[in-house]
Amino acid sequence: MSDHHTYKKLELVGSSKISIEDAIQNAISECSKSIKNLDWFEVVETRGHIVNGQVGHFQVTLKIGFRIESS
Amino acid sequence: MSDHHTYKKLELVGSSKISIEDAIQNAISECSKSIKNLDWFEVVETRGHIVNGQVGHFQVTLKIGFRIESS
Amino acid sequence: MSDHHTYKKLELVGSSKISIEDAIQNAISECSKSIKNLDWFEVVETRGHIVNGQVGHFQVTLKIGFRIESS
Amino acid sequence: MSDHHTYKKLELVGSSKISIEDAIQNAISECSKSIKNLDWFEVVETRGHIVNGQVGHFQVTLKIGFRIESS
Amino acid sequence: MSDHHTYKKLELVGSSKISIEDAIQNAISECSKSIKNLDWFEVVETRGHIVNGQVGHFQVTLKIGFRIESS
Amino acid sequence: MSDHHTYKKLELVGSSKISIEDAIQNAISECSKSIKNLDWFEVVETRGHIVNGQVGHFQVTLKIGFRIESS
Amino acid sequence: MSDHHTYKKLELVGSSKISIEDAIQNAISECSKSIKNLDWFEVVETRGHIVNGQVGHFQVTLKIGFRIESS
Amino acid sequence: MSDHHTYKKLELVGSSKISIEDAIQNAISECSKSIKNLDWFEVVETRGHIVNGQVGHFQVTLKIGFRIESS
Amino acid sequence: MSDHHTYKKLELVGSSKISIEDAIQNAISECSKSIKNLDWFEVVETRGHIVNGQVGHFQVTLKIGFRIESS
Amino acid sequence: MSDHHTYKKLELVGSSKISIEDAIQNAISECSKSIKNLDWFEVVETRGHIVNGQVGHFQVTLKIGFRIESS
Amino acid sequence: MSDHHTYKKLELVGSSKISIEDAIQNAISECSKSIKNLDWFEVVETRGHIVNGQVGHFQVTLKIGFRIESS
Amino acid sequence: MSDHHTYKKLELVGSSKISIEDAIQNAISECSKSIKNLDWFEVVETRGHIVNGQVGHFQVTLKIGFRIESS
């Protein structure tokens, strides 16, 4: 068995009408549909659009890291 | 009619005793008193002051973008 | 009496299962066990780990500033 | 007469279907409708949106500097 | 129907002998061969190589964002 | 009375033949002609031009923050 | 034949008990199992975890670039 | 005797009504009350607060480095 | 023959009334008057000055890399 | 038992005549003399001084993170 | 006569026992011994070393720009 | 004798098939052929190219500082 692992990082943008945390969770949920064993995330940018003077959606860019299975 | 628009970005600091999201909304609400058609925001910095070992206010610096009406 | 103060900044990582705000508060609470008169904080980085496709913990790196008492 | 001047910088986003240079010029043209004596610009970010696999608009964020007249 | 979407960002380097805009378009054209509904791009870096004292190719690193279809 | 305030930040460039501190003060003085209750400043960049091998003017870009009165 | 190419960049984290160079090589080796013609790498971040006061693993985040074959 | 040393860096904010240099010196003076053999400093940020349209205090964040004595 | 080379990078600012690409080429042309075998360039900053509400010159700061001949 | 931990980060500069890895290890070794349970490190900067055209010492600035025991 | 110029930027570190401004001037004075027509400078970093709890020298890294004469 | 010195910084890229440290040393060795009294280096970027799934060369961009002799 190898004594080291290799990880890959993907960059996603999650969105939510509710909160920054919810936007993060939405991106992770979407990502875990196709990739197992997600390990960690890093927030890269927080922004959003505005509708009628209210936050419409929070949009959070994050990197999601996971171990490459064969490694 | 022009086939392009020009946007302006303002830098504000919203604050809230409750949450980061609320501080963002407070800055947007204040800004929309004088400017219509706010379009998007970008979080630049998140900080706050501390009172008796508790977060006193969250202070979120954000840029708010809107289309210049004549453009 | 001096007409100026000197401040020190520490770098901590607070974590929480609940929210970014709670992770910030947890770091401040821990820090205020040993240091009085904490003044302000600045968020440096927001990340977290993922368990079974859900955010396990939010991990927020922040700097906490306080006045050096003798200054 | 003062031996120094003060300048102000505004942040705008110009757009164009044609080129980055045209997006810059569009922002400057819009800005000069209301402010005289624009002096310089600095490109902050270049991005755009995509329509049917083609660049729809180039969107260039720039800062525009001008001397405050009374200074 | 979900009230939020998730987006993915890819990082590509487009090149062109002609212009920065053409290098951007080349990367987008290549990317749209395999991915539909590309939404936006962000320029990350502009560089190039030099041949006989002339720009050989412009090389533009950009991030391309698109909505994950199932989201 | 609201329990929170909103602040606005402007970006200016002050100049001075004498010193960096004087360039900062000149920008603040100019800004306070039209805006009351300036609260804080942040230095963004320090540069200048050179005349005959001597500093001609120090040019200091700074952001100036103030509370929006109605907030 | 086209007179230009398009490249893609992936972000990986290689690890090694031995050295930074070995961590880089491990990420490249893993990546080349599935992608041919890797061209270049760029180190983004170097970190690691500590076990009993010794470096446990070096963890090197790097971007790996390769030409898209059809381009 | 070891052929290498280890250094530690602290982050402080010095302030002064007079000048940036004086704010730097004030932070160093405060720091040297408790730590001997301070070696170097690096300015991280320069800001200040404004009182009645005048600089109230310059506030300079700096890192101060010193050799760990046992090293 | 050595199995490695060393490169040097110079920082120049090219300008042009026409385009960003032309400003880049002008800097490279000037640089190649005195240095042979220029290899690559990296754009560091794009700015310009404004004359009568029109871009006067594009000013592009770039680094130019070349192999040191003896290496 | 608490369901969250708080971590502290220190900034050190390790040095070595041999390698970057050795400089990292030297800083960690020195740090672990006074603090138990060091968890991770992040390289912030790599530099060194030169003696007679040879690297004298590698100097690596790193942040070292550890869990606050009471947390 | 050409309608455009090319500029070169050098990176220097000036030092002074007195002030940041004096360190800047010292670097410019040294540079103008060998190069005529220096045009502008940009401060990149401010640091210094400490002797007996006092600032020993301010060390200011700056870029100095000048027009290439033939351009 | 002057009580201050001025330093110059050059930007080079060293390469090596062996290691990052060797690439640094190669750049310093090349630089010291023409300049005496090199003082220090700062690593700016680490990258490399890949040949057959192996690191071909490490390429390390570094700044090298030295005192201007007349200063």
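In order of appearance the chains are A, B, C, D, E, F, G, H, I, J, K and L, and numbering begins at 1 in each one.
The working rule: contacts are C-beta pairs under 8 Å (C-beta built on N, C-alpha and C of every residue); 3 or more make two chains touch, one makes a residue touch a chain.
Quantities reported herein were computed from a predicted structural model and do not represent experimental measurements.
A.B. asks: Along the graph of touching chains, what's the shortest path length in steps from subunit G to subunit I?
C.D. replies: 2
A.B. asks: Give me the chains shared as neighbours by subunit D and subunit H.
C.D. replies: Looking at subunit H and subunit D together, the chains touching each of them are F.
A.B. asks: Since subunit B and subunit F are copies that touch, is their contact same (over half of the numbers shared) or different (under half)?
C.D. replies: Comparing the two copies, subunit B and subunit F contact each other through largely different residue numbers, since under half are shared.
A.B. asks: Using Cα averages as centroids, what's the distance between subunit A and subunit F in whole Å?
C.D. replies: Result: the chain centres lie 38 Å from each other.
A.B. asks: Take the average of all CA coordinates in subunit K, do the same for subunit L, and state the distance between these two points in whole angstrom.
C.D. replies: 21
A.B. asks: Suppose each chain is reduced to the average of its Cα coordinates; what separation in Å results between subunit J and subunit K?
C.D. replies: Those two chain centres are 33 Å apart.
A.B. asks: Which residues belonging to subunit D are in contact with no fewer than two other chains?
C.D. replies: In subunit D, 10-11, 19-20 touch at least two other chains.
A.B. asks: Select the category (line, ring, star, complete, other) that matches the graph of chains linked by touching.
C.D. replies: other
A.B. asks: Go through the chains and record each pair that touches.
C.D. replies: The list of touching pairs comes to A-B, A-C, A-E, A-G, B-C, B-D, B-F, C-H, C-J, D-E, D-F, D-I, E-G, E-I, F-H, F-K, G-J, G-L, H-J, H-K, I-K, I-L, J-L, K-L.
A.B. asks: Which residues of subunit D touch subunit F in the complex?
C.D. replies: 3-11, 63, 65, 68, 70-71
A.B. asks: Give the list of subunit G residues in touch with subunit L in this complex.
C.D. replies: Per the stated touch rule, the residues are 19-21, 24-25, 28-29, 32, 38-43, 64.
A.B. asks: Quick one: in the complex, what on subunit I touches subunit K?
C.D. replies: 10-17, 23, 26-27, 30-31, 33, 57, 61
A.B. asks: Would you tell me which residues of subunit J are touching subunit L in their complex?
C.D. replies: So the residues of subunit J in touch with subunit L come to 19-20, 45-50, 53-55, 58.
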